[in-house]
Structure formats: structure tokens, C-alpha cells
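Can you keep this structure in mind? I'll have questions shortly.
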Amino acid sequence: MPFVEFEGQKIEVDEDGFITDPELWNEKLAEFLAKTEGIEELTEDHWKVIRYLNEYYKKYGIAPMVRKLCKETGYDMKKIYELFPSGPAKGACKIAGLPKPTGCV
Amino acid sequence: MLEMALKGSKRYWGWIISLLAVMGVGFSCYLLQLNKGLTITGLSRDVSWGLYIGQFTFLVGVAASAVTVVLPYYLHNVKTFGRITIFGEFLAVASVIMCLLFIFVDLGKPMRIFNILLYPTPNSIMFWDMIVLNGYLLLNMVIGWNVLEAERNSVPPPRWVRKLIYVSIPWAISIHTVTAFLYAGLPGRHYWLSAIMAARFLASAFASGPALLIILCFIMKRFTKFDAGREAIQKLAVIVTYATVISVFFVGLEFFTAFYSQVPAHGMHSLEYLFFGLDGHGRLVPLMWMFVILAAVALVLLINSKTREKESTLIVACVAVFVSMLIEKGLGLVVGGFVPNPFEIVTEYSPTLPEILITLGIWATGFLVLTIFYKIAVSVKEETG
Amino acid sequence: MRGKRMDRRTFLKVAGACVLGLGVMPVTDVFGGNDLPKILRNPNALVGKKWAMVVDMKKCWDNGEEGCVDCIRACHRTHNVPNIGNAKEEIKWIWTASYENAFPDQKNEYMEESLKGKPFIVLCNHCANPPCVRVCPTKATFKREDGIVIMDYHRCIGCRYCMAACPYGARSFNFKDPRPFIAEVNPKFPTREKGVVEKCNFCAERLAEGLLPACVEACKHGALVFGDLEDPESNVRKILRSNYIIQRKPQLGTKPNIYYIV
Amino acid sequence: MVKNRDLKPQDIGRPGEQLTKLGKLMELPAPYDDPDMEPPLTEPKDSWKEKHCASLDGYIGIDTLTRPQTKKEEEEFVKKFLSGLEKIFSDETNRNFIQPLLLSFEYCAKCNTCSEACHVYQASGKNEIYRPIFRSEVLRKIAKKYFTKSGKILGRFVGADINVNWETIARLGELAYRCNLCRRCAQTCPLGLDNALLAREIRKIFSQEMGIAPKPLHEKGTMLQLKTGSTTGITKPALLDMIEFIEEEIEEKTGKKIKIPIDKKGADILLVHNAGEFMSWPENPAAFAILFEEAGLDWTLSSEMMGYDNVNYGIWYDDLQAKKIALQQFKVAKDLGVNRIVIGECGHAHKAAAVSMDRIVTGEDNIPRESFLPILWDLVKTKKLKLDPSKNNFPVTLHDPCNVVRMMGVVQPQRNILKAICPQFREMTPHGVHNYCCGGGSGFAIMNYMNFPEFRNKVSSRMKFKQILDAFQDTVKDPGIPKYVCAPCSNCKGTMRDLLEYYGATEKFNIHYGGLVELTVNALVDIKNPFLEFLQE
Amino acid sequence: MGIGLSLILVIALVSVAYLGVEVADLRFLFGVIIPYAAVATFLAGLVYRVVKWASTPVPFRIPVTGGQQKSLPWIKASKFDNPSSTFGVVVRMALEVLVFRSLFRNTKMELRDGPKLAYYWEKWLWLAGLLFHWSFLIIFTRHLRFFTDPVPSFVKLIESADGFFRIGVQGLYITDVVILVAVTYLFIRRVVIPQVRYISLPSDYFPLFLILALAISGVLMRYFVRVDITAVKELTMGLVTFNPRVPEGIGAVFYIHLFLVSVLFAYFPFSKLVHMAGVFLSPTRNLPNDSRERRHINPWNYPVKVHTYEEYEEEFREQMKLAGLPVEKE
């Protein structure tokens, strides 16, 4: 398994850079992960999405439906793509510390 | 693509099964003929060719169906024929197959048929006839199939196919010409010994082939989703009209030469036998008059543009053309050549039941081939819309 | 092409000899086998360049008794010609036909009484320009170098094109199996199968043995004369030189080789 | 590197960097006939090469297959593979598939018919390694060499001429994931041989014997499903939350107030979706709900473990997993007391539940399973739904999911429905039982690690993309006209989503994808706004 | 390379037989012992194969279909392409075996200008394959005349129909011509089409050469180098009545022919030729697609560990509580 160095700590990620242990996630790490996705600065808009994702995950053990994400945050898909150029699943979920979405998603 | 012929309605299968039944009957009669010999036919020492060869001769004409649509389409760019060239070609395939079968059943020793290839004899017209007929069959099969396959794929047919199409046009003329030469070159058979024989063959071919094609188009329109289109049919009808006129005209020419010159050696006796009876024999007279009447009816209906353009009368006209040519070529021409015999004696001929059943069996085979090919073609047209 | 034909002819000559040599052996074996025994030609064989026959009808009518069929019977017996007993499927190599029928284009209403309705002996004319040979698609009918138009019964496919082509009605077709209709089989000559055409062969098999045609031999009155037209001293040439001769349908250009004295 | 078309099965063990490289792929029709229209091929990263097996064609399908560090590890690996190979030929250890395996293994006539049929091979520009019998040959060669007398005695004559080392086996393993298991080749083989089965047997050796399988299928697939009830990881609470959300959505979009029945005991129908639908295409379960309610069917969803996800990835690579999942799924239905399970828009669930598992679950447990397609066609045909085809008046074509047509034979209903509700429906060529796989079959759709998606989009989905473009040839260049690829299968939809995005086909040419039920709902007379999103502007 | 190897092998086989008979005079070996051994190998091998296949169950239902499945009564089903009854399966198999249905359906793809894929019916392989197999079968059946006395009437019938045509006076078996042409075509196809050539092993060429050599030696015997047929019959009748004797004077060609047949028989069960037996067992073709109509009981069921609700709750209790769902154990 690959690792990323973060604050002197080795954090396990998978081939595509998703952290494997969601417990390790914190806001600092999010900022770090955002850089790997090419997002220099996390704005409030970003945080709104990230927090929602993270909370939903904590509650249900799974990422929310994309549609629901849009609805709850009030951003449409276009906006979400603007915020996270690699998309809600690959980009936003990664930064929010979710594992890579699986199955027929 | 062949699998398209395996899917069909109850009616389709009913038709196929009835054809198979007729073929079965014909085949058993043929087995009888193989066993007993040609004695089961009405043929004799004097009239040694009859129904079989007559049907063969007639069907060579029907095979012209292909060229009558292919030539205008490819050489003169008559677009309306684009949809039906394939049907003309497949009709040609079916009729040539019937031709070959008729020759086959006419042979006394069919098992030796390969002798024609084994000992090729270029001075025999029959050798050439074998070549042109098989060649024509092959050409039309290859062309028809490839054009259809291309149509199914909505791509233009391969270039070499187009070249073959150009070859097939003179080739079609050759089958009629060579078949006419089969007769026209024999000394002592005055009825056949005529320079316009090949021309007569061509004329009647261009009448009977497209006439059948028109009838088939109407049948398809009735029973399938395919409609050849009014324009195409009308164009074909014009061809039939001219060809019938010329054909009848040529028969008239023969009458004139024979009866005005009064030279018995110009076929006068044969014509007398056919149309009026000779020495008290006249079995074919009623049939030949039927030919006259049908030809006349056809001419009236065809020349008159009103009746030609009306569907119902056009069908009647086409059937009349077809049947009249069937009588003239399919029986009269051949038998007329043998009566009277070289001793000026009249021996009459009439086909026997097994002979007729074998003939029907071959027609059924032809129709089976035709049905299968047409079914495929129609399915392809339905599929590609 | 020509060379090949020659070869075949020579082959058939040998084959013909085999028929004699092997007697009862079925021809199939001879034609079928490839180890053809090399039998030399009979030294007595009659050889000619252009065989022909003169039929002196006068002799036949004057000397022969009414209804003499000696020549016909001899031929048909020798060649296993069946008696089908039915005019339509009849097989005949030599037979009689009335003047009007045999010479249809030379008849007229007021012709000599002596000819009217008189029977003529007719047979294959062994035409010098034979249409039957021209049309045969398998070379089953062919012309030998000595002018005989002969058939290979094992090659004929029964298309009957030759029958349509022959203007003399010289050819017969085996509509059914002929064997039951042969009263007494001559083992020296093959029988035919159903489905092939046959006709007079100018007794080629007898010539090879040095014998005259069976019909010629059978005619007690010398009405049939056989000989080589290319030989100026032959009896046929002699007769032709000194008699009025007619031929059947000479206008057709077939150049028949049977000549009639009337 | 040997030219692609000169590669031979025995080359699989050839040392060297990469056995082959994608070259000239099958051409695409307009407007993609210009090679610049499609994204270029990329090189695998060096780090991947070091760690995984990128030496086949540069793509990595099995993310858990890692290079051994020591000689000993390599030997261990080879030994395990061979013992696995031996096991699949043993009656005791492979009783489920030994017979078809032997039949497919032993007497291929090498007639080449199957290669003509395989879209991967054709689309790759006929790269030899993708030929259906290439991997079968490799397997044959290895097996012959090690396990048959003829191979030992006759050697090369029967083709036992291959050396086995890590590279060979790893490449073979990778190669097993270059086949969609679509079985188009098996359908056409005149001897009834099943090259897909052989590919699957290779996958099985890797998975069952060596514990190596793509993570999306195994760890995050069947394992997750066995654990949480769904391959997506949806748990019961999440599901309930989602259904609530869907109900809201329906009301918002159509004005219909629908209560989606859950765990209704004794209902006639237990409808099971692919759980991915809830996550990614909630309009699909929504559309089902609308239609079933509209028609007045007695139906229910289940919120029990395994009751709300019909997928069974086991059938792609592991018999035991497949069986486990199926048994649990059927138990849910039994406990609910429904008459039948109806499978929603998921192709492989069709095949897994309705056909493959037929002999696995026995007796009373064998609850009848059905496809939703005949039911929907019944509703359309008997006019239980009021439909107005003019609402769907745009070009529509149909992608037949392999599992639904080829493995099961449900062919007519879907096209009959489309003919009834889409005036501009047109078929792809070929279609029906002769269709091509979308390129996402056998797990490709969800194998999203490293550069595998590129292989999918470039090669395995290429034929489908071509078919789509061909079907829309008349209007493709007009972005003003929306075009719709109807793909009644979650997996296929996932593939389409990636595919259309990869080629920019939606953006540039207005080509959309979606299921069949959405299209049907869109045609409902009493819904005012279009149900399909792209029509909503 | 594969071609050469196979060709040399077949030539070697022919030479072995020729030398063995003509030089070493091992007529009894080639005329009796080897044929017996070959037939024994053939039977034993085939039985072994078939028993092995047939005794393994097929728990997974894996047919491939070729048409609409039987479902609702008003959806037209393909009775034979997607059979749902044993009868349908039998017909499907019969179509497969007798007319090579699958091969018949096969299409060939070709990229045409456009670029447009065009699908052509791949008819030649189907036709050649069909002709080859049927000719083989008919020739084989005709050969029964050597092994039966009196010869059954169906053999005679086949013989007379097959030998209908004649070349000269010699009867010509159509199947002789057809098998030579068809095998040659199959071989040429294998060599000329690069994709096929490249997948071909020596073991693919060998049967073709063997059968070709077999047919050629047979044709030689019949049409060119005559052998003593009565003596052959004496030998073959001796073989089938287990009273073997080797009559004098049968030509060497016969022994070559017989030796090649023996090799074919012995080779049969261990090569791709077993497809003759295998096609019938192929589960992609011989299973009815009737999963909705019938239920299957399989006897080898093993228990499966089920993830129970308790376990499930154990794992997700916290989340369930969070979501306000009732849990059984606190």
C-alpha cells in the first residue's frame, strides 16, 4: 500500500490516493488532500460540501447520493464540478476522507 | 442472411411446405423415370423433345427479367429500378436453376452429365449453352447476393461487383442467343431454321421475364411490406408492351415467309400443323389459338395506356403475356420443329401425367428458390426500411 | 484439339478390336480398364478412306420377293437391335420407307407410277458433313477417318440433340431397357442400355474383321453394294459412274453417302 | 516489441518490458473519424510498473496483484498458481465447472469463428492478445505442459511449449481481465466451447487459490456485500434515508405522492434494484415506483440485508461467493412471503439470479425470479399505463445488456416497449442476442483503479461507442437534437457514463444515456414536466 | 513450421505402412494387429472421455441463447434457439450437429469506407465444414459394405445415390470429390488467413493431412490402383468375426489406407477430434433455459455460512442507533 507523508505521519492511501482509514481524517488532512487534487484553497463553499459528505458518511457509512448532496448543499452539479474538478465521487469524497466509492455507483 | 428465410409466418411456411410436397411428388415421378426410362413420357422417336425442353426454352426467356431492370438501372441510370434490380436478378437465378433441372431430367443418361465437361465440344451449341447458362446463374447469384448484403449493411457493393454487373448484361443477351442457336442451326428442321430465331427469343424473353416480375411485384405488395413502387412497375410495363409487340410481329414475319413463299421447306407444314392441323392431326391447335387470343388480349390491354396504367388490367395483361409465351415457347416451338418428321409423317405428342408432374416438381423447385431469395430480399428491405 | 480427336479415334479402333478379341467380355471392362490389352489390328481388316453404299432398288424390287426383309433382319440380329413393337419408341438401324416419305422434296403428284408408294431401304447416310456429329455435346457421335459416323454408347448422355439434328430420321433412342426385347442376343456385339441413342454403324466391327456389312452380305440379290468412294476402282465407284443416282435431301448440304439407283 | 499481429501465445512468457502496446485501434465513424477527437493513449506510471503487472499491455486490472520481492516469493506464487490450475481440473475441487471447462479446454477446432465475434479483439485493431482463444491457448499450453501426458511426451506438437514464471502467470491473470465474459464467442462457437468460461476459470484460480482479485470486485464487492448487504456499502439506515429522499423527489418532479412500499409482507412482487441505482441514478427506482404504482401492482422493496441489492459479483470470478450471496438474497424473499422476485434494471443480476443460480438453490428456496422487462411490456401492451409517445420524440437507440439477451434470452420486450413509446427508435447493428457488450461487463464497469478505465473506454467499450455513433449517424452532428442510448442495466449505464464523458459525446453532440423505465415515465400522459433531465431546460 | 511437421509425420506414416508391407512383409501386423489395437484404443479412450465428462455434474446453468426466451404467452419465443424443454434442446442440438447452426449464424466483420462496419454472412467455413463432415459420414457408412454380410440395404441405397454419377463407365462417388475439395479448402483457409494460420498448431494440421491422405489413398484404390476387393472383404469380414486372416494379393495401397485409418482411430480420443462426442455434452448448448418453469434439486448441496441478522446488528449497532432505528440488543 502506498503512503503519504503528512505532518511526519505515514498515512495509508490506496492507489488513487483515497485514505484507507477514515478515522484519521481531520480538517488539516483535508487541506492536504485537496492539494493532491489540485485545489489550492478550500473556500467555504468547499467546506460546506466536505462537511456534509463527512457527516453523512459518519452517520450511514456511505457517501450520500449525488442528487441528495446537491439538494442539501444547494449547489447544482455544475457548481460541484467547479469546486471539485474531478467530480463529486473522485474529488470531493477523497477530500472528505471517504473511501473510494465502489460497486455500481 | 440465409436465416431470414427460416423465419416466417404460418402462411409462408404453408407455402413452403406445399412447394416441398409438389417437389416430392415430382421427385418420385423422376425416380420412376430413372427406373423405367423416358418411356414414361409422351416422347417418341419422331418427337424426341417435348415438354421438358420446351419449358427450358421458355424459362431461358424468363431469366431475361434481370437484364430488363439491370440494364436501365446501371447503364441508363433509371433510378426507379434501384429497388427491384435484386428481384430481377433472383428471378433470373430461379429460372436458370429450373432451366438446368429441365435439361437434367430430359437426359436419358443423367449420370453421365459430367461427360459434357469431360469431353468439351466447342462445335456443339449445347456445350456453349451449358457454359452461358451456368455462367449466368453464377453471375446473378454472386451479384444479387453481394448487392443485397451491401444493402443490408447500408454500404455500396464492392467495386468488383459492379464490374460483374456490366459483364452480366451482354451475358444475358448471350443466353437467349445461344439457346436460339440450339435450334436455328439444324438442317432439315424447317420451322427452326430461321435467321430471326435469336431475335424472336430476345423479344419474347423481354416480354415474359418482366411480365412475371410485374406479377411478382404485385404479389409482394399484397403479402409483404415491400412495394416496388408504381413508377418502376409502369416502366416495366412499357418494356413488356414493346417486347410483346415485337414478339408478335416476329411470329407474323414467320407466317408471311412461310405462306407467301409457299415453300414447304420454310416451315409451312409446321405452322399448318400447329395452327390448323395437318393430315387430320391437330392436337395443339386449340392451345395455339389460345396463344393467339391471349397475345391479342395482352396487346390490347398493354397498348392502351389507360388499361396499362390500371393495376387490375395490367395484371391481366401480364398474365396473358406470360401464359401466351409459355404456350408458344414452352410447347409450340419445340413440338412444331418435330412435326412433321423427316419423312413428312405427323406423329403427335402429348405429355403424360408423370411428365407433367415432374415438370410441376421443377416449377415448384424454382418457386422454392425464388421464395427463399425473395423472402431474404424483402426482409432486408424491411429491415433497412 | 484435332490431335486429341485422333487419339481418341485410334483408341476406339483398338477398343473396337477388343470387342472382337475378347468376345463375350462386357465392353464396360474394356472401356473402363486402363490396362487395355494391346491387340493388333486384324490383318484381314477392310480399310477404306470413305465408305459408302449404293442401294440398287431396282434389283431389290425386281428380284426380291414381296416383303423381303433379309437385310433388315440380318442387321438387327447382328447388332442386338430390339424389337420394341411400338412405333413411337421403335428402334431401327435399317428399314423401309415409301418413296414419298424417303424423298419428300422430290415427290410430285404426277410422278412415275413405278416409284409411287414403292418401299426404299433407308439407313444412316454416314453423311460426309454430318449435323449429328456437329451437335453432339460429348463427342459420343463422331466421324471416323474412313467416313463412318459411329457412336460411343458409353459416352452418350441421351440428350437426343443428334436426333433433332439428323434430317433423315436415322437415329433411335432407347426409351426403355432394350434387353428384354432382343429375341436372341448376339454375344459378339454389345447391347445398349436405356437412355442412349443408336443407329447404323456401317458394321464397323465387321469391317475390322474383314467382313462386309451384315445387310450387304444378307442380300441375296446384290441390291446393297458397299465400298470405298476414294478408291476409283471400287465397285461403288463403278456403279456410280454408270448409273443414274439419287440421294436423300442433298440440298441440305449433309453430303449423304448412301446412293440410290431407281 | 513484436508486432501486435505476430504475437503468439507462447510469447506470453517472453521477458521484456511490455508484451504489447495498443496500436491502431478500430476506426470510429464520424464525427470521431478524426483521431484528434479522442483523448490520446497514456503510458502507465513507473510506480505502477514496479509494483504491479503492467507488462502485458500497460494496463492494470488487478490492483492486488503485486510483484514478488524475492525469488522465493516468486516460486511460491508459481507453485500456488499451478496447484490452483490443477484444482480446476479436478472433479473434487471444481465440480461446478469441471465439465464445461474440460469441454472447452480439450478440442477447440481453431476455426477462428470466435475471434470474429469478439468486440475486444476487433476494437483493439485485432491485437492478437485479445483474441478469445489467445488466453485459452496460454492456459492450455501451461496445463498441457504440467499436467497431461500428451504434453509431456509430445511437447510442442500439442503446444506444450511455454515457460511458467511470475511474469507469465501475472500476464495471464491480467489477460483474464481483458475479457468482458460477454460470451458472444461462446454463442458463435460451432462446437459450443466457451472461451469466456476459461477466462473466468483463470480469474477463479487467482481469486480462490491466491486471494488475488480486483479490489472493486472482491474486497469492495462481494466482501462488502456480504458484510453490509450491498456492494455499494449502503446500509439499512442509509437505504431508508434514500427512499425517503426519492419519495420527495418524485413529488417535486411529478406532483405524485407516492409511498414506496418497504418490507410489505405477502406482496406479489419483491422488486430488487441494483443498489448502485439508489446512489447514482435515483430517478431509476423512482421511475419504477411511479410505473408500478400507476399500474396498481402489488409490490414491495426490501430493506433487509441483501434484499435491496440484486448484484452478485461472485459470478464473475468466484463460485463460493456467488452462491453465498444468492442464497441470502433468496432467503429475504422467502421470509417476506412474496410470490416472485422481480429484477430491476441490472443485467448481471438477471443472469445471476434467474439463470446461473437456478441449480444452486433448490427446492422451496428456489423462489421464482423474473425480469422486469416482460412485466413492463405487459403494462405497455395492455395499456395499463397511459403513454404519449410524442413526448419521446427524439432519436433513441437500445443497448441490449448481454446478460439479458445472450444469457437469458429476454429479447423482444425491451424493443417492443421502445417501438411503442419512441417514434424515433432505431436499432443498433447487430442487436438482440447478437449484441455487443457495452465494454463494462464482468466488472470492468467498476474497476476504476489506475489506468484501467482507459482500457475500457478505448478498447472494450469502443465497439459499443461505434455502434452508438452509427445508430445516430443521421443526427449525430447536430447538437440541437438530444439523442438517447437506452441501456436498461446499471452496469451498462455506469460504462456509458464514463464512455460518453471520456469522448465528450454528451457535451459536444448531446448524446445521453439512461434506463428504460425513465423513458417510459417520460412518456406518461399525466406528467407535465419532462422526467428526463436533459429535456428539462 | 506446424505444417511441415505434420506433413512429414503423415508422409512418415505412409512410408511406414508401405515399407512394413512391401519390404518387411508385416501383413499380419498391419492388417490385423494394428487395426485391432487402434479400435480398442479408440473405444476405450472415447468411453473414458465421455464417462468422465458425463459423470461431472453441471450445477451452474450456463447456456447461451440465440433467441427470445419462453416467457409470457404472447411474446413469441424461439423454441429452438432458446429452448425451454428437452424437446427443444434435442432439436437445438440436432441443428447444431447436423447443420452446424452456430457456424451458420456466424458473421464476418469488415471495415468499409465510412468507416462503416459491414457484417457479412461467413458462409464458406460453414459450407466447407458441413460438406466435409457429411462426406466423411457418408463415406464411413458406405464402408460398412466391407464389414457386413449381407450388406444392409441402407448402405446399398447410400452407395447407389452417392455413386449416381459416372465418369466414363466408372461410377464416381460425389462424396469422394467433395471430401477432397472440402479438406483442401479447410487446409488452405488455415494457411491463407493469417489469423487462423497463427492459431494453428501441428495438432491442427495433422488431422487434416491425415484425413486427406486417407481419402487420397482410398481414391487411388478405387479409381487408379486397383486392389483385390474380394480379398479385402475376406480380410475385413475376418476382422469383424474375430477370425482374422490375411489373404494374399491385396495391394500395398490398401495397407497404407488401413494403417492411416488405424492411426486416425487411435489418435481420435486424445485429440481435438473428440469434439464428436463433446458437442453433445456442451452445457452452453444442452441445457434448457427453463429456470422459470422448473426447479432443480441438486444433491451435493453444502451448507453456506449465512451472515445472520445478529451479526449484522453487531456490526452496525452504533449507526443504527444514530439513525434512530430499533435494535434488538442494546
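Just so it is clear, A, B, C, D and E label the chains in written order, and each chain counts residues from 1 on its own.
Everything that follows uses one rule, which is that a residue touches a chain if its C-beta (ideal position, glycine included) is under 8 Å from a C-beta of that chain, and two chains touch if they have at least 3 such contacts.
Keep in mind that this is a model prediction, so the values were computed, not measured.
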Shared interface partners, meaning chains that touch chain A and chain E: D
Pair sharing more residue contacts (C-beta pairs) when D-E is set against B-C: D-E
Most widely separated chain from chain A, with each centre as the mean of CA atoms: C
Whole-Å separation of chain centres (CA-atom averages), chain B against chain D: 56
Whole-Å gap separating chain C and chain E, where each centre is the average of the chain's CA atoms: 59
Euclidean distance of C-alpha centroids - chain B vs chain C, Å: 38
Approximate Å spacing (C-alpha centroids) for the pair chain B, chain E: 44
Per-residue overlap in chain D, given as positions that touch at least 2 other chains: 228, 235, 237, 241, 429
Per-residue overlap in chain C, given as positions that touch at least 2 other chains: 155
Residues of chain A engaged with two or more neighbouring chains: 59-61
Complex interface listing, chain B residues touching chain E: 1-3, 110-115, 118, 149-150, 152-155
List of chain C residues in touch with chain B within their complex: 87-91, 97, 100-102, 104-105, 131, 134-140, 155-161, 163-169, 172-177, 193-197, 249, 252-254
Chain B contact footprint on chain E (complex, rising order): 104-105, 112-114, 116-121, 123, 164-168, 172
Residue numbers on chain D that touch chain A, as the complex places them: 47-48, 63, 215-216, 220-221, 224-225, 228, 230-235, 237-238, 241-242, 245, 249, 274-280, 282, 311, 346, 445-446, 448-450, 490-491, 494
Chain E to chain D touching residues, read off their complex: 5, 52-53, 56-69, 71-72, 74-78, 81-82, 96, 100, 102-103, 105-109, 111, 114-117, 119, 122, 125, 129, 190, 193-196, 198-204, 206, 270-275, 278-279, 281-286, 289, 291-292, 295-298, 300-301, 304-307, 309, 312, 315-316, 319-320, 322-323, 325
